Every structure is written in structure tokens, then in C-alpha cells.
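Across the two complexes that follow, chain A remains constant while its partner is chain B and subsequently chain C.
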Partner chain A sequence: MLIKPKSSIFIRVFFLFGFLVLAITLFFAYMAIPMQKDAFNQIMLTQAETVSRSIVQASSDALISRDYGFIVEHNVEVLKNNISIFYVLVSPNAGETILVNQKSWRLLDKVDDELLSLERPDIIYKILSYEGFDNVYHFVYPINFSGVQWGWLHIGFSTEQYNKLIDNMYKQIIYIVGLSLLIIMAVGYFFARWISRPVTEISQLATQVAGGDLTVRSNIKRQDEIGVLSESFNRMIDSLQQSKQQLQNYNQELEQEVDHRTQELAELNKGLDAKIHEEVAKSKQQEALLIHQSRSAAMGEMIGAIAHQWRQPLNALSLVQQNMQLRYEMDKLDADFMNISMEKSNRLIQKMSSTIDDFRNFFKPNKHVDIFYIKYVIRATCELLDAQLKNHNINLTINCPENINIVGLEGEFSQVILNLINNAKDVLVERSVADPMITITVIPASGNGIDVTIKDNAGGVPESIFDKIYDPYFTTKEEGRGTGIGLYMSKIIIENNMGGSLHAFNDSEGANFVIHLKNTPPIKNKSIV
Partner chain B sequence: MIGKRYTWIVCFCSLCCFLGFNTWSFADTQHISFAYLEAGLKDLNDADRHVAVQLLAKELIRDSGNEIKVFPLNSMAEMLDMIEVGKVNYVIINSYLYLTGRQKLQPFLTDEIWGIQRAQEAKENYVLVVAQDFNYQNLQSLLGKSISIHKDYLLVNFYLNYLVKKEAKLPINKFFKRIKDTRTDSQAVLDVFFKTSDSCLVPQYIVDLVAELNPSVLKGIRIVHYSGAKFIPALVLRLKNNSVDTSNMIRNNLLTLSDNARGQEIMNLFSIKSIKPINANALQDMIKLYDEYQSMAVEK
Partner chain C sequence: MNGFKRLLLTCLIQCVLISLCLANEPLRQGRMVMGFYAHSITENASLSDIEVSLNFWAKDLIAEESQKMHLNILESRAILFDTMPEMHQALLRGELDMIIAPPLEIVREFKRDELKDGFTGMLAGNQPDNLYLVVRGDKNISGIKDLAGKRMLLPEDDELAEVFVDSLFLKQFRANYKTKLTSVQKQKKGSRILLDIYFNQADAGVIYRNAYDVMVELNPDIARTVLVLEKLPIKNKNFSYFVKGYPFSVELSKMVITAFKHSVRAKQILDVFRTPELDHCSINELDFYEEFYADYLRLKKGVKP
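So, the complex of A and B:
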């Protein structure tokens, strides 16, 4: 692609050179004109003074002796020989005032006031109109003899010569400027060409190089910076050519390498799908295993919870039996006591049976997303752990409005609640917290969602492990007492299956686990089963 | 084809012919000499005078191929010496000097005489001028007074002497209290106008000239004496040693001098109007006056 310059260096140099020379010429003309005018003025003044002095000297005797005939005759001759003198006026302090011009002479009664005002001790001149002549250079010369003022000599000179000189000067200046312009154009053209041609040549070569042609070379051989530029340009092209060659070589090698790697990748790819499938299967197995382990852990815990739940009714049942036996041995067992004891026993057995139902239902996986009331699920879940909690004197508080419902998988949600409460219980027991508490708070959240917060006062999750708590198999419990998959699975259930989020934070009392649920159906294809 | 050797010979011969022809041409060239007496031509300064006479002489022999020589001479004796040895072809001379030396000049002169004219008329009329308020009765009224005169104008000077001698039987330096030599004739008139002098003697055309410059001058002066038209200021005399061709050539050029611009310029240099041929009778008035003056001088 050709790169065209926006403005030519030749034109710039040409006009700059021309402008400079013209500016200098005009400047000098501007300076010279007043100087020349002054010089001409001075010439006129000198000429006038010379003429006056010669007239006075030539006619000094006549002036002193008042030989007016001589004065007139002499001045007539002076005027005859000097056509540039319009008139001569001899104005003595006393005697005849004589005016002589080119055609005649006459005696004046008095000198005009305008001329009289010019009669001063020093020579003076003024441009005025007199005797029918305009623009007269009127020169006044005081006539002194031996320090005594005799009178004045007025001479009217034509300014035609002066004006001609000025005109000639202007013409010459115009001529010089015109000539300068011609010279500027000629010299400027060659100068600009001398400057710009090598630059243009190199520029064109550079354009060709930019277009990909590295065979071009500059033939400019000069001893100045342009010569250095030309040489450097050629070296640059050589260097570019070498680089290009190297690049081509590298490219070739790279292509070969790429081909090789591509082959390797292709081969890798072949096994990748199988690997992926293998890994996916593995992952699913692992996930299933995790779920199984989670379930197992949950089950284990549940069994522990069941055992715990049954301990009290079993104890109570044992007490009823012992009472019955004691009454029989004391021979006080009657029908009423028997009935009461049977009722107590049935109630206890019923309670134990409902506990199994509860646990069994807990582990029944939900196949469908459905609306359920949060409070109900939480309460039901808490009842499963009620005995254990009471055993450890853990005070459980549920703050949940009755009418909050959510769309989701009820069973999975229960599992999560169970896990979180269990974790809170375990850490409260482990840390032997005085006055242990677990608070479950449910509040509506923004965007038609809800926040379920399970809070304890066990002091909080240590900062060092905060970012690991959701990792699978991470646990702070002794070996054999925790599987480390509870929180992992809880997060999976809430975030993947129920479209919510699970996060934790510490406050001044302890840990807060917040389940945020949107009231939208969860993602159906992520069922845990 | 001429060979190289013959070419050189031909060139050499041509050169010789050329030089020979020119040498012969040079041998045929004439020198024409003009002599003039400086006295009586004082209106021009020395340098201008000589240049002016040379210009005149050149103009008179123009196109002839002749060379000229111009001799400025200081005295009649010098002139006569040159004439006697044949060094002079033409003489330009003030009329007064001609009058004084005509006896000696006559043998060498032809009857071709040219008169130089300064005024409108061929012969000049001299006038005696006094101030308007001067009480002039006759020449005696000027006894003991002053007069301005342009002394270089020899004829005027002569006439004044003649006049005074005739009327008062005195030389002018004893008649007049002061004789003021003016630089020009015009100044003499102005002296009378400005009353620097009591009188002046000038050609009448001078009075006219002065009045032309300032008509009020006429109101301040008056003419009290006229000489009559008698005077021719200067003469051009052809000597006998001229060839016919030369004489004809110069005569023709003199006749046509005032007809061309260059001739006019030359005459302006001398402040003359024309140079015209005159016969010997034209000089008789002056000759008569001169003889009369001479006889008066002898009678004293």
C-alpha cells in the first residue's frame, strides 16, 4: 500500500526559503527607504546650502556694497544655469528686496509673512507653494558678513529631482523585489530540490520497503546527514532482509514444531475423550461415592440421633417395666396401674416408631420439586436432634414466620439443615461453650428469596480454615468422628440443586451459616440421587 | 583550390594594399586652422571659450574628413605672425581689433567676410542710458559722474571713448568720475536703474533684454543718445591660403549653421544669433568712426 505524504517537503522548503528571502528583502527595503529618503533630504540640503553659499560668496561684494545690478545679473545667470531653481529672493535687513525667477525679476515691497517666519539665524527649509509653484523646497540661508547679519537668501528649489530620485528608489526597490522573487523562485526551486529530492527518494524507497520490496537500495552518496540517512536506510534494509530470512527460518521450524505438536495433540485428543469419559465416570463415581458417604455419614449420624432419640423413651419404658415389676412383687399391681403403665408404654413405643418414620422419611429422596413450608421442615429436622441438643443443654431457637414457603427439594433441604445444626452442636460441645445456643432465623430476602441463618455462639470458624470448610473430606473433628463431606454436600445441594447460595461468616459470638434461596425452581438435572 | 602557401601570400598582399590605400588617404587629409583673439570674447571663460571655438570649427568642417586646429591668441601681433607663415586659414576676431589691425591684415584677407550678429539687426545700435530722474542735457551733464560699461565689449568701449573725445575733448578716465566695469552689459543697465551708476553705454538690444526680464526697469531709466546701427561685434575672416574646396565647404556650412540644431547650440554658447556674410561696405561705418577717432587722437 502506497503511503502518500499529506504535504510535500519540496513545497514547504521552497515556500519557506522564498518567504524568508522575501521577508528579508522587504525588511531591508523597509529599513532602506527612510534611510534613503533621509539621504536624499540631506543631499538636497547640502546642494541648497552649496548653491546659497556660492551665490553669497560670488555676490558678497555686491551684497555689502548694495550693487543690486550685480546681484540681479548674477542671480539671473544662476537661474539660467540651474533650471531646478525656481526663484531666488534676496532679502536684506535694509535695502531692496529682489525676487528673481526663471523668466523675470522684480523688486518686492516686503517679504511674505510665511517667508518672513523662516528668516532665522540658522538655515532652514520648508516645503511650500510660492510664486505659482507647488511643493517647492524653500531654502533660507542667513547672510552674515563678519558676524553681522546682512539679510537672508531665499531659494526655491524644484523637488522634481528629489521626487524622481524617490520614484527611482521605489522603482529600484520594486525591481529588486521582483528580481529577488525571480531569483527566489529559481534558487528556491533548486535549493528545495536539493533538499527534498534525496528525502523524497528515500521516502519512496521506504514506501516500497513498506510494501514488501526489500530489494531496493538508495543510491544517494552525500557527505551530510542525508548521506548518513541514505546509508543507514540501506543498512536497515539489509538488516530487515536478514531478519525476514531469520523469521522465515523460525517460521519454518515453528511450523514443523507445530505439526509435531499437532500430531501429539491429535494423538492426545484421541485418548482424551476416553479419558474424559473415564474421568467423568470417575467423577460421577466419586460424586456418587461422596453422596453415598454423605448419606452414610448422615445415616451414621442419624443412627446416632435415632439411638439418642430412643435412649430416653427406652429408659422411660424400662422404668415403666420396673414399676410394674415392683408393684407385682409388692402385690400392688392392679388393673388401673396396669392400664396406666400400658398407656405410657404405648406412648413411648409410638414415639420411638414415629422417630423411625421421621428418619426414614428424612432419607427418602425427593423426586420432584415442590413447594414446602420452611418452618415445618426446620422444625421436623430439629426434632430429630432434639434429644441430643437437650442432652448437651444446647438452647435451640427458631425464628421463622409461618407462611414462608419455598420451591425446592424438601428432603435435600432438610439434610442441609440437619448438617448445619449438627456441625453447630459438635463445635459447641467440643469447645465446651457455656450457655450454648443455636439460633435459626428465616427472613425474606431481596428478589422474592429467603435467607435462612443458622447461628451459634461457639466463637466462629477460625480464619485459617475459612476457605477450606467447603472442601470435600475437610474436617476439624478427630479421625473417625467426621467425614468432612457434610458442608461440601450442603453447598452442592443448595447451590446446584436449589439454585441458591451458602456462605458463612463470623460475628462476635460465633459462626453464621446463611442459606440464600431464590423462590425459583432449582436446576432439575442436578438431582443428588 | 588555392593551396595554403598561396593563401598566405594573397592575405599579405591584401594587407599591404589596405595599408597603402589608407596611407594614401591619410596623405590627402588637410589641416584647417582657426585662430582667434581671446580679447573680445570674455563672455565665455577660457575653457568654455576654447571649447566653443573648437566646436564651431568642427561644425564648419564637418563631414570633410579634414582635421582642424584652433589657436587661441593673445594679441594682434601674434595673429599676424601666424598669418604670415600661413598657419591660419580662418580668423575669428573682435571688430575693434580688426579695425586696429586691418592695415596689416588686409594683404592676407580675401573679400569673404562674415559678420557675427548678436541682436535682431545685423548692426548694433549703442545707446547712452541714464536714470529717469537724471537731469541730462547733453554729454556734459555726465561730466564728473559715473558710468557703467562692459569693458570687454571693445567696440562699446571704443565708442564711449569716441563720444567723449568728440563731445568733451577729454579721455574718458578724466571725463567720468568713475568708470565701473560690469561683468555683463545687462548689469550696466541695472546699475543705472539701481542708481549705482549715473549712466551706461550698451547696445540697445541689451536694454530691450533687461526690460524683458523686468518691464519696470524702463520706468527707471531713459535713453539719451543713440549711436545708430553701425556696429558689427565680431567678424569671421577667410584668408587667402584656403583651397577652393575648403572655402566652399566652410562657406556652405556657415550659411547653414543656424539651420540645424547643433549649429544653434554652438551659437548659443557664444550668445550670438547668427553668422552672416557681409560685404566690405558694411564695415565702413565702423571704419569711418575709427578713423575719425584716430584723427581726434592725433589732433590732441
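So, the complex of A and C:
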């Protein structure tokens, strides 16, 4: 299919060629006009000077002797034989001023001012209107005899011949330009065709090639750049054909390789599924183990706590029994003392029993999402550890407004508080900090949430282990005292189950663990503990 | 066929026969040699112009026009003569078929039976030329008597002009004009005579009316400055007469007069001699000049030397 672009090279070359040739022609015409006019002016000047000199020479005797009859007669004759001369004006310094024209002659009283202004020592001419003639080439010739100025000869020449020459010149220029236009159109057409035809042909072939047809070839045989382009085009098509063939071969090989790899991947995929299932099972086992270990650790903690809680009532109960035995030996055991001692013993036993209930309630999994007051949960958790903290003289301070509540799993939250207080207590004890102190601060956080900060004054977490403290089984405690699960579980509870975050930082006194909770977190109602 | 139709048919046949006869009329062969008195024609034209006009244009014209009259002019040429006797001798030798000269010269040189009617030039409108005695208007010249002591210009080689002035002076002063004038100079051209009077180079002069009218037309101020004092009524400066016995005089005379009215070539020739028109010129027109000259001679005789 032939392609005919809107602004083809043909049109551009044609108009460019035409414009250039026309511009050059007009430029030369433009340059030639003033030169030609100058030449015509020179011709007029020469002619005028010749006629003037002739008249003066022929009339010289008459001029000197003031033989005006001869002057008139001669100039009448001159005008009769030269129809291009409109008039002759003889203007002597002294004497008669004679004006002779084609039809008459007369004496003038004075020379016209305009003509008088032209009477100068040198010859001069001017185009003017005089004696009823327009556009007269008025030539003024000074008459000198032996260096003495006699007067001036004014001759009015017709510019008809001059105008005819100018008109002819313009006509010739118009003819030349017209002829140039014809030549431009003819030569420009063939020139533009000569330039654009092979380019158009190659362009069409290139379009066919772009459409996928690699069988086309250029038949242009020229010994110039177009010929070279044609050969290069053909070589390019050959090269393209070879490349296409190679690509097809590569494609086939690639497809075979892909099929082969696909089969291998399918087989590998089958084994991978099995491995994933196996790994998931392992992970579940490990998680279950972790939960078990966590429970065990919690149980250990509970037992330790119960032991601490029971120590004081047990001592008191022992003292009650010793008093009762002493009274009995002293035979002072009466009913009142017995009732008081029994009442005191019952009260101590009741307290010990209450302690057990408290711990049992604490560790009992609570699977219900509920609204709870943070201060209540923190205080209850602290009471569990109260005996241990007092045992190590650790001063615990709780700064929490009364009315802050959140929605979530209360038991798991208290588990996190317990872990963080325990960790603070352990490091305070380990580092033997003077005036050990734990401060729990609850404040509303920006963005509709609350921040719970557990701060100690044990010197902080070493920077080298900051990125490891949440890893499972990572602990800095002595062998047999830490499981390395507490912080790991706490982070999972806060971030996975309560939609909050847990992070730590050091200040000048020690470590700060910050629990950030949202007021309406996306809560999972399943405890992981 | 009735009588009227028969008459018409007879007329038609006769017309056809006459036409055929005329068409088949044989050409008569001849020549035309013109003799010119050179001094009387060189005032208005240069010798080269005269030569061209007479030997080429006139030859063409005669050859072309004579064909129309069933004449075959084999030879046509012009001969210029410096003197009238030379021309007369040539005529007597049979070398001339026509003479062109001033009428006074013809009267003085030729006998009437040697010539026959010809033609002469006329001014525009078939007006006769006149010989004027002109004077400057500012010289207080109101008559011939006032010309005494003045400067006079006369046409060169024009005896009629000289006879005209001399006659006037003889009548007025009974003396030759040269004796009464301060200076007498001769100019070849009448126009120059008039210009010299206009520019106060002379006080009086004799020119032909044709020259006077032309100059006045060029500068009307001349008519105010230069006034006509006396005039001699003449038809033209030159008369042309066929030589007696020339066989084609009638045809050529007719041909010339008609041809010069429409032929371009003829107009060119007339323009050279500054003669607007041509007219028939009878041999009897010489009577006036003959009497005029006779009067002059009588006046001259009456003057004491």
C-alpha cells in the first residue's frame, strides 16, 4: 500500500527550491534596477552634455557677438531635428534671454527662480515641470569662453525615452521573473521528484518492514548517498531477517527450557508443600512448648509468691501456737485466750486461703473481652508481688488516674504488668541498687490512647542487647532463674491481642517499658496464655 | 425585347468594350528631366535634402504615379544650374523637360514659345505668396521716404526682391536704393532677415510672406515688432514650366497636382521645400513679372546716373 504523507519531502523540496531560486532572481533584479537606472541616467547625462556642447560650439560666435538671430535660428533647427528636446533656454549673464521650444520661441524678462537656482559653475540636471511639460530632464550647461562665464544653456529633454527604457527594464525583469517561475516550476518539479522519490520509496519499504514484511528490497541503484542508503537498507533487512530467524530459534529453545523448568518446579512444589506442613507443625509444637514453659514459669512465680505471702501468716500462726502451748504449760490457757487464739489462727488461715484464691484467680485464663479499670488491675497485680517487693525494700509507686478504663483481656494485661514488675524487681535485686524504686505511670497518650510506663532505677538495658530483649529464650538472668519468655509473651499479648505496642528506652535512672494502648483496640478474645 | 432594354444592353456592352480597350492600352514611354535654378531653392533646404528629394523621392513618385496614367517614365532626374543661361542652353540642347526658377529669371532668360503651362507652389489654403518689405516698428518708418539712412537686409540671389526694393526707392527717391541706405546686407534665409530685424541688427528687409508667417507663428511678438511696409503680390518664389514639345506635360501636370494632395512621398518633397500646396501655373502668369520688370527698367532709365 502506498503511503502519501501530508507534507511530503517532495512538497518541501519543491517549495524550498522554488523559494531559493525566486529569491535569488528577485535579489539580482532588486540589485540590477538601481544600477540600470544609474546607467540610464548616465546615458541621459552624456546625451545632454553632447547636445549642449554641440549647440554652444555651433553658436559660439553668435553668443560672443550676441547674434541672437543666429542663436534663435540654430536652436529652432536643433529642436526641429530633435523631438526629444522640449525646449532650449539661452540665459546669458547680460543680454537677451531666449527660450525656444518645439512650437515657438520668445524672449524672457527673467529666468524662473527654480531654473536660476540651477545656474552653477558645474553642469547639473533636475527632473522638473516647465513650459507645460511634466517630468522634464532639465539640464543646465555653463557656457564659458576663455575662462569667462558667458551664461548658461538650459535644455529640457523629454524623459519619455528614459521612461521607456525603465519600463522596458521592468518588463524585462517581469519577463525574467515569469520565465524563472516557469523554469522553477519545471526544474523544481523534477528536482524535488529526483530527491523525494527514492526517499519515499525507501520510506514505504520501511513501513512494510515495520509491518513485518521482511521480503521487500530496494531496487534503487544510484551512485550517491541515496544509493548508499538503498544498499544499507537492503543490508539492514537481511540483518533483520537473520536476527528474526535467530530469535525464533532462541524462542523455541527457551520455550523448551521453560517447559523443562516448569516440570521441575511442579515437582519441587509438591515437596515444598510437605515441608511447609512439617515446619508449621514444628512451629505449633514450639509454640505449645513456649506456652507450656510460660505456664510453668508462671506457676513457679506463683509458688514463689505464695511462699512469700504465706511466710508472714505462718510465722504469726506459729507464734499463736507457741503462746497457746506456753499458756497451757503455765496453765493459764483459759477459754477467752483460747477463743482469741482460735480466732486469730482462723483469721491467719483465712488470709492464707485468700492468698491462694487471689493467685488462682490471677492465673485463671479469662477469655472474655471486657471493660476494666487500669488502676484496679495494676493495684491487684502489685499486691501479688507486695511481699516480694517489701522483702527487697523496693519502693513501688503507682501514678494512675482512677477513671481510665480500656477494653480487652484483663488477665493477660495483668500478666504483662506482672512480667514487667518482676523483671524490674529482678534487675534491682541483681544490681543491688540502693533505694530501689519502681514507678508505674499511666497517662493519656496522643491520638486517643493511653501510655502505661513501668520505670525502674536499675541503670537501664544495655544498648548491645536492646534489639534482642524481645526474642524468645533471651535472658540476662542467672542460669535457672529466667526463662527468656516473659518479654516475648508480653510483646505478643500487647501487639497481637490488644492492638497496642510495647517498646523500651533508657533514661538517666534506668529502663522505661512503655505500653501504648488504644481506647478501642481490635481485641482478640482468645488468650494465648 | 423592348427598346429600353435593348438600349441598356448596348450601353453595358459598350462599357465593357471600353474598359477592355483601356486596360489593353499600351504604355507610352518617356522621361522627365528637371532643371532647377539652384540659388532660388537653397534658401529653404540644404543641397543634400534637395538632392535626396529630387533624385530619389521624386523619381519614386513619378514612377509610381505615371503608371496610373499608362506612362512609363524610364528616366527621371533633376539638374541644378548655377546660372539661368546654363539652364537655357541645356533646354535648347533638349536636355530638359521642365524648368523650375523664379518667374523674373524666367521672363528675363526664356522666350514664351520655349515653355508651356506647369505648376507652382502655393501657401496653405491655396494662398499666393507675397514679397514683403518689412521694417522695425520702433524706427518711425511709415513710408519709403523714412527708409533713407536705414540698414536694409535683402535675400541673397533674389533679383525679384532687389528689383522690388529698387523700384520703390526709384519711385520715391529717383535714386538707387543703395545710395539711400546706410547699409545693405544680404542673407540667405528669409527667416534670418526677419530675426536680425527683430533683434535690431537691421531696420528693414525683404522677405517672402511664407517666411514671415512661419516666424510670426513661432514668435507672435515679431508681428508687433516687425511691420509690413510694402508688399508685391506674387504667386510663388519659383515657377515650374514644361518645355514646349514635351509630350506628357498635360498628364504629368495633372498627375503632380493630384498626387501631391494624397501621396505621402509627395508630401515629403513639399515639406523639404516648405511648400504646402501646388497649383496650376499658366504661362500667361509671367505677364505680370514681365510688365513689372519693364516698369522697373523704365524707372531705372529715368534716373540720372
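Here are some notes:
Everything that follows uses one rule, which is that the second predicted complex is superposed on the first by the 350 of 529 C-alpha atoms of A that agree within 3 Å, B and C clash if a C-alpha of one lies under 4 Å from a C-alpha of the other, contacts with A are read in each partner's own complex, and residues count from 1 in each chain.
The rule we apply is simple: contacts are C-beta pairs under 8 Å (C-beta built on N, C-alpha and C of every residue); 3 or more make two chains touch, one makes a residue touch a chain.
The shown structure was predicted, so the numbers you read here are calculated from the model rather than taken from an experiment.
With the C-alpha superposition on chain A as described, chain C and chain B clash in the combined arrangement. By the touch criterion stated above, A:V76 is placed in contact with chain B and with chain C alike. In the superposition on chain A, contact is made by A:W105 with both chain B and chain C.
Of the two partner chains, neither chain B nor chain C is touched by A:F133.
In the superposed model, A:E96 makes contact with both chain B and chain C.
In the overlay built on the shared chain, the residue A:F466 is in contact with neither chain B nor chain C.
When the two complexes are superposed on chain A, the residues of chain A that touch both chain B and chain C are 67-70, 72-73, 76, 96, 103-107.
Residues 66-70, 72-74, 76-77, 96, 103-107 of chain A are the ones that touch chain B when the two sit in their complex. In the complex of the two chains, the chain C residues touching chain A come out as 189, 191-192, 195-196, 198-199, 201, 217-221. Only residues 67-70, 72-73, 76, 96, 103-107 of chain A touch chain C when the two sit together in their complex.
Taken together, the chain B residues at the contact with chain A in this complex read 148, 182-184, 186-191, 193-194, 196, 212-214, 216.
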